[in-house]
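Below: a set of structures, written as structure tokens.
You will see chain A twice below: alongside chain B first, and alongside chain C after that.
Take a look at the complex of A and B:
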């Protein structure tokens, strides 16, 4: 399954704003391994995405999210279910 | 990856802390002198980080009750409540807790952690949703994880965000369990409980309030924030611990829902943990009686809280958002926090060291908790030592 382009773009933009400057970010970027996001930063990112898309992301989904693409796909699934 | 590889990051953090002067993250209380003093590193030390809010750990009545129970019923129950571990003391304490909270039912657990783990994991399950304040205690997060329900976090103390989260759940909101705390353990701030009750009623959700830090601290009778706010009847489940104001160890849940007694038999952490020992139950019962009989302890606690808060505020320190027996000092960096914490200990004051990610918003804290057992002189001593460390010549410098 490919993530919706609009969702992927918005997710990437938001992650760029939280990531170290000049960091190259693409669909395969790993939030922890590549960007060194700690739990607080991941929560901040989620809160902003939740507000933007008017959804709630259950914390139980977090272990399945490693990359930018994983995140965009999960958001897409939640949006589609609503 | 070897099973121990995941601890490399912890080892690195520990090395960094050691470079800041922290020899050990574990303080050893070599000898307890009173609820508010101990020998630490061979030095007489004021304890200002123990959650011993009413100072009852050395209460003669509690100690006598525990000793009597030891002699009469032995050192332990050697079994769970569902097997051989229910003694008359456990049943009596449950009745006394129900009476104290003016609820129909109460269950006693072996720890506060087990109370949260057991109640949350039993009340909700796969397909349900549990909506928790972001700053909730680890035991609440762990209970949610064990439940396998959908865990939704709302922004700390933000009823509007809670409203949004429940709205997004649609029909599932009526079956959702909302969880907040009475007093939050790190910054000592209260939940806006009246507003939270309004929101949960709008959606028909259930509400659990963890009064771990507010039992004996808030309310005219010391029942906690639900009593202080006047919404106790709207709270479905009150959870708490015996390990703070009651000076022992254990946990409880009180509720008016008749199903609470059934929940007992589906509650795996309750069913598969040995029950509290008779001496713990006996001292807890006595402490609860003392809490009810001596409201002056709560008044003294609050006098101490106000006194320390104002003294530290006058020093220009950045404190938690409201006055409470938890007085948290926001620090500029983890390194500075460790240095100050070590310096306080060297000068005979023990407080709690809180470093990210354990702190609520990523900052570092020095966390004090006041006790009714502190004398005004001890509170002044604590504040004086903080003041001395603010002097330019005395400020603990970098150790690396």
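Take a look at the complex of A and C:
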């Protein structure tokens, strides 16, 4: 399954604003390994995503999200369900 | 429409003077108060009155007893901030079983690490029953695979089991009230054993001498139920004093810290605690001038605990929130740990932070905390410590030197505590228990402190504990992650905290590495860093050093404190670049001199 382009663009843009400067970010970027997102940064990212898409992200999704693409796919699933 | 339980108790306030948690709930159930659970956006999701909770707990107990478990069998519950946890926790009290709260904390990409953590805990506590909500059940099931567990399911599934006909026999005063696993590390968990008598002693003190609860009080908390401050401070204490509590789940607080302050404002809460990091997170997210958007005038006790307390950020919080009615005198800096149920000392309420200003020279030279006159020196010349108040009334404290001799006031040494709130030991860990708890009842807190005018002042830690954002992180966990890499050998890693400018801990992990290729070294560094983030949710600074760089004690065990000194020395000499730790280097006199020599 491919994530919706618009969601992917928005997610990438948001992550860019939280990631270290000059970091190259694409679909395969690993949020933890490549961007060193700690728990608090992840929470900040989730808040912005929830507000932007007006959704609520269930906690149990987090452990299976690694990359930007994983995150975009999960968001799309939530948006489609709501 | 859903309505929160009222602040008004509807019965005479009793200050936790019960023999057991079960008795305390029997009394609270006669009133109107209870636990209220709010959603991420601050809407009331469920109001669980103590009356309803009592019925639910009995219903859960009847099913648990129906499983024919032996008395005091362990019931592991993933401790989400929800009514299900309460029903199970108190259900165990009615059934004579022992609840074991499990962490409900997951991280990005952390599936494997979380499942392994749950499995270690289930094994360690010998859980006979394991319960989690629908959300966490898949993880718990995976963790419990192959373990001999009688029942594994959701609270709802438990309630579908047949009821026992046997009358319930609630846990007595000398039976365990719960096992608390937060004080240990994630890889080497240690379960603090707390009996009903022990926790009731601590609750009585928290209620009467700590928060000084009075009619009209209302509590608010976002602290996790699997932590001592969340569980004992904000689940058990309010119930034992018949107060209503408003809960926000920890992750929701992390996402929207302002909700903490919003819920206090809306519900007119009077008592709420947080580690310093919670206050700091609010400041970070609210921006510089939040103005008067909250009404915090009801907040009478703004407790602070669970990590070292520095006055400056709290003073900034107070200034920032003053337009919202926050009273800086509401700050209450406490000291405690799970091994002493929760609380060890409290200062008086309503007086704000009590600061002790000491001369840094004699402190560094011979561990003496010589007080400076209030206005004589600029703040930069003084070392500022926060006084955490006098020990609980029927508790004794001692500050001892390394040889065990008692030290007088204002001398820094190891802090010991003895009294009826101290744990019985670590479950199934006699050797570990003996290390911290003497046969005559003295608990080695592992903290360094001095006494000033009868008040405990914590200056540092002797135990190798790292505290990040109020969470205890044990160096063993980081070291084991490093040592599990194929290119790293056992005992070739050492982790320790260093204090950065601004005062927060930064975790350093030094690894001995034989590899010479830059790519392999970079790979190792990235892999360890990633695993630490996934398992512990913290970032760490990794230094790779040649073989035989790390110091070893005669037992072969690494001496972390020596490893840390060596590391700081390398930083001082410019061999390692770690910005922001100048502070700590300059605090170590010999190092500063050597650093100056190296720079010259």
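Throughout what follows, the second predicted complex is superposed on the first by the 82 of 82 C-alpha atoms of A that agree within 3 Å, B and C clash if a C-alpha of one lies under 4 Å from a C-alpha of the other, contacts with A are read in each partner's own complex, and residues count from 1 in each chain.
Note that in this section contacts are C-beta pairs under 8 Å (C-beta built on N, C-alpha and C of every residue); 3 or more make two chains touch, one makes a residue touch a chain.
What you see is a predicted model; the values in this text were computed from it and never measured.
Asker: May I ask you to decide whether A:65 touches chain B, chain C, both, or neither, giving the answer as first, second, both or neither?
Answerer: The answer is second: A:65 touches chain C but not chain B.
Asker: Which partner does A:77 reach: the first (chain B), the second (chain C), both, or neither?
Answerer: neither
Asker: For A:16, using the defined touch cut-off, is the partner it touches chain B, chain C, both, or neither? Pick first, second, both or neither.
Answerer: In the superposition, A:16 touches no partner, neither chain B nor chain C.
Asker: Which of the two partners, first being chain B and second being chain C, lies in contact with A:56: first, second, both, or neither?
Answerer: Both partners, chain B and chain C.
Asker: For A:30, select first, second, both or neither according to whether it touches chain B, chain C, the two together, or no partner.
Answerer: second
Asker: Regarding the shared-chain residue A:40, is it in contact with chain B (first), chain C (second), both, or neither?
Answerer: both
Asker: Applying the document's definition of touching, compare chain B and chain C: which contacts more of chain A?
Answerer: C
Asker: Starting from the residues of chain A touching chain B, keep only those that also touch chain C in the other complex, and list them.
Answerer: Residues common to the chain A contacts of chain C and of chain B are 38-40, 43, 47, 56, 58-60, listed in rising order.
Asker: Which residues, counting only chain B, touch chain A once they are in their complex?
Answerer: Per the touch definition, chain B meets chain A at residues 129, 134, 144-145, 148, 150-153, 155, 164-165, 168-170, 356-357, 361-362.
Asker: If we count contacts the way the header does, which residues on chain C are in touch with chain A in the complex?
Answerer: Per the touch definition, chain C meets chain A at residues 40, 104, 106-111, 114, 135-136, 138-139, 251, 254-256, 281, 285, 469, 526, 529-530, 533-534, 537-539.
Asker: Once bound in the complex, which stretches of chain A touch chain C?
Answerer: Listed in rising order, the residues are 30-33, 36-40, 42-44, 46-47, 50, 56, 58-60, 62-66.
Asker: Please output the residues of chain A touching chain B within their complex, sorted ascending.
Answerer: Contacts found on chain A: 38-40, 43, 47, 54-56, 58-60, 82.
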